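Per-chain numbering from 1; labels A, B, C and D assigned in written order.
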């Protein structure tokens, strides 16, 4: 049966919507993620889902995948109203999702991950490993992806893992295939292969949801576009009725002007951080750069290019093999966050939950962590001055929290990020590294974070910003460094930088 | 609610500054136990019994102070029972040889501190899960104590000061209770008000975040292990004094009692959550249950069953409570 | 005095030679002993008695420890059988748990001497009489109570219900004390776990519940000492108290008798003698001689300084006085055994 | 890009007993086991005999059977320490029912029924109510042991009917050579290794332990998988308990004290991670064998219990420490 998965399923009627979501609502503590959103998918069509980060795309997809339950609204599949309470329900209805975050078991082989949802079995019920390997290989051959089906998934680079994710959605019969940012780390050649696959899927009558930031891709592949903003449905139109500008307008709304409030005028100061010939065992190869006080140095790279690894190495978190890191003239002992912090460099991590937040602890404890020793006298924490310092940051940053004693897990992503940023500002840094500072943050809070970053540079900090978001890269950076495969491939001044040049350098 | 981890300090110390929801459940449980037992057996409230309970609590509480710090930092030490027995033997032996209580006490602390250091190094340097590492240490100590002494180390020095550590009184209050109270107070202040205490919560709540913020997570954990070790030394000294001998067979199952009390007090096995006040309540509940079973002349086998049930129940109530908080 | 000692030693040497020569015909090469709990002082002394006796007779005793694990005990016995020992001596962790082992040993013609308690299908058992030990100590305690405690006996039994042997001791003690003080009562019947800290803990609670006690009985020295320490910690005077311990295996009781005014009676069970007797039984089995199915090893209550008759202490080393111990008469049969408990 | 063809050739998707047995992670354990055997063979002249080696296999089988179950729970990302009391508890229905009915089958059924109940309770508390499984099973460890003491009045329940089949179960040998418990252990090991490798349930266990969120996205019922693992663990511990009861010829209230430590130590030594998703049942079995041969060999050298404890403790630290170090290497 698996060999036949790529043949037209005659049972799919082409005139009934494959999926009709009506008035979907979903709220999280402190945030309305979705508010009455509609989405209709037709068989054999590619439907692009657009919107800024935090617009509600991921939430909508997760409801479709059965990961989240909806608070209100209805879902009909093939004209039949249905409930998707668990991922299993969604899979049974033929909904396959390629998630943005890699959803693979790293200990398993690629082939096994492909068939994770349903293992092919032999007559006696045991797993047909030979079939799995053969079919995985056949599948990759058919799609044209070069991935070794026998490799341990965790050993693969992120781009290949992404291909495995995509391939997995095609391994079984599906009525609806959802792809959430499938190309974020693929090369243009691989993107072309993906598009061939998508076209083949639609020819079979499968409805495809395509989520992407990349306008060119959307114009190339999609039939219809739905735009979400701030959890609301903004527009659904055939792609032919859109221009680049109209699409951006729908996504960003009026905020396009003030999203990147650049207030700085002065030029950069002296060198605050210098990195020479930095290499690690894991990723980085001979990275050298300098960052100056009062500037935002943006780092761009596709997924797996080494941005996060670079961030972790220069703040002393990960060990390095060779190279020299100097902060404000003092050499940093590698793999020692304590000295790094005391020298004045800190990291706002990409993964807030895993590396930033102490979820169960209150706002106050979370914010004061790095600066705590400055409130201590003879080892005792002066909680009075700690609290007033925290309170002043809560006021200045407009952190929305019922009290300083609220566990931080109950705050929205934007407010959490403000608390983590304040953690470092309270400490008083010379260099701050921010890694994907707006991931999972809604649009309103986003511009506040941008304003904060801008202000930091204005106050004389060297800001190093790792990002995969082109608008924020271009909007905020004074200089832009581009990485690929662990190397620094290009550096542009603000004036030189264009999307095309940056992308070319990132793909090289 | 405010928080279940670090209670908010209000101006002036009110009861609500010391407690939180999970502890209200425990306080209620404690009240029910006390009332129930004393209705059935009035001797429960006799001064003798109160002192007996407090003295029993003292030993557990002293070690539980360290264990709370360890659990808050996300680690655990199962070797405390075996270490307790060994330390008692060392204390008695050295006091016998030197006729000095001070040297005996120092030797006990040095030994148990070294055990804590060993545990800490194995966990932080070799990166072995502390559950496994301290099971191994437990085996080593259980074997080691018999290599050290085949039989109970008798009191040959007959120093009154040594006997007083465990069996003496200041006024009506037994000295071990005073020692425990002091250690509890110091522990409470340390965990609650000092940089070290606050850092332990951070390390346990999110190790990576703590390291990224410049905390020396490994060293903090190591310190918590050493503190636990030293407190075991104090308890071992008291036990040796109470028993008037260093008993290599003592301390069996002691580690489970201590951990049970700490967990019952609302400290999470996952780290980052817990208070010493909760631990105090946990110790009291467990020891009053233990005492009540004897006072009520129930079958002593229940002393195994009841704590098992109480801990599962308390943990479940905690989960229910937190689930409700999240809404 | 010294001459007397030397004289005693000389006679004991002769006695040893005489008894030794009785077995002169055939000695096993190796005897294996699976002990239930080698780290306990009692068994340390049993082993000491065995090794001493075997050395006298010129062969080797090898010991494996079950460490209170019934499964490990079976494994250790298996290992001995495959190693090829000539006779096996076993102190069961649990009497019922060695029945299959005895069956297998019989299939392989491995002679087995049991120590401790009787087991279905056994050939011979070397044991003290637990009930009798408690009983005689109880009689002495009763006499003491009549003389010093105003004829009243309110007993706190720091017991160990886990083992039938220790239950028998407690029962014997109460029955014995009642022969002298008929209205003696057991105020507390406790499970002290046989270890000192647990005994201390439960005794402290029990004394708080009802402190009207004047006799503390412990099924072993750890239990009686735990009970006494709890008494002292409760701030009670030892003036009207009698403490009775059982076992007399280590230095602890000697220390207590010397230093604690209330510690007056110790029911000595002479573990060394048990080991000694077990080896003799093993040799007999090896020679396929007739052996009684129950060989009783003697016990006796020691009052006050009475221990000095059987033991001498130098520093941390305790030496048994074999003559005095060998002179203690053992009954042919126990008054009560574990079988009586099941009725 | 770490993608060497030699590694992928020996990748986990290759069936065949020999290749399963000697996958990367287990080679170290096999070498360690052989080293232990070699050492004692040289140090003691009574160690390397067929009789002794088969003895050890028989002795190891109890920990191995329970260890397979505990390893499965570990792989699913949970912990089960209740097995120490369970092996003692299941002997009670076994012996009682056998005494009443003179039927081995009914006795075994009664024992399995109790094991099933305990598994359901553990699984329900840990998987469905979400109580930390260490606390849950520590609780049931206490409750079961206390329950055994209460029920038996701290006395063993003897086997009154003395069925030959029951005696043979734990004490007999196939062809007078291989102990039946060893055969049963090996059979169960093979069955569950097959399940973990070649049935979807086994793969779900690995997935759930390796990454519960991904497993949920793949449509697995994470709670049910964990629930089932607890039941398997309890049932396997029941089998251990039945064999133990046969070897002890009775329901012994003190049986299995500390058994849980022994099993957990062996399983971790065998490379099964406490954090889930990693390890194999063969590894766990090798861990059991290493500790069993160690204990037997040290006994042969006439080393007392205290030395055995000390040496075993250090070996666990060294072995697990080495494993962690190896895992950290890129």
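The criterion applied here is as follows: a residue touches a chain if its C-beta (ideal position, glycine included) is under 8 Å from a C-beta of that chain, and two chains touch if they have at least 3 such contacts.
Owing to the predicted nature of the structure, the values given are computational and were not obtained by experimental measurement.
Listed by label, the chains that touch chain A and also chain D are B.
Relative to chain C, the most remote chain by averaged C-alpha coordinates is A. A count of contacting C-beta pairs for A-B and for B-D identifies B-D as the more extensively joined pair. We define each chain's centre as the mean of its Cα atoms; on that basis chain A and chain B are separated by 45 Å.
Chain B and chain D have Cα centroids separated by 32 Å. Centre-to-centre, using mean CA coordinates, chain B is 36 Å away from chain C. Separating the centre of chain A from that of chain C, both taken as means of CA atoms, is a distance of 74 Å.
Residue positions of chain C touching 2 or more other chains: 39, 161. For chain B, the set of residues that touch two or more other chains comprises 146, 301.
In chain D, the positions touching at least two other chains are 149, 154, 304-306. Pairs of chains meeting the touch criterion are A-B, A-D, B-C, B-D, C-D.
Those residues of chain D whose C-beta lies close enough to touch chain B in the complex are 125, 129-132, 134-136, 138-143, 145-147, 149-150, 154, 261, 264-265, 268, 274-275, 304-314, 316-317, 320-321, 324-325, 328. Against chain B, the residues of chain C that register as touching in their complex are 39-41, 44, 161, 190-191, 193, 195-198, 200-202, 204-211, 222, 225-226, 229-230, 232-235, 250-252, 255, 259. Of all the residues in chain A, the ones that touch chain D in their complex are 65, 67, 86-88, 90-92, 97, 99, 103-109, 111-112, 116-117, 119, 121, 125-127, 129, 132-133, 148, 150-152, 155-157, 281-282. Chain B meets chain D in the complex at residues 122, 126-129, 131-133, 135-140, 142-147, 256, 260, 263, 269-270, 299, 301-309, 311-312, 315-316, 319. Those residues of chain B that touch chain C in the shared complex are 41, 43-44, 46, 48-53, 55-56, 146, 150-152, 154-156, 158, 166-167, 169, 174, 239, 242-245, 247-252, 254, 290-291, 294-295, 297, 300-301.
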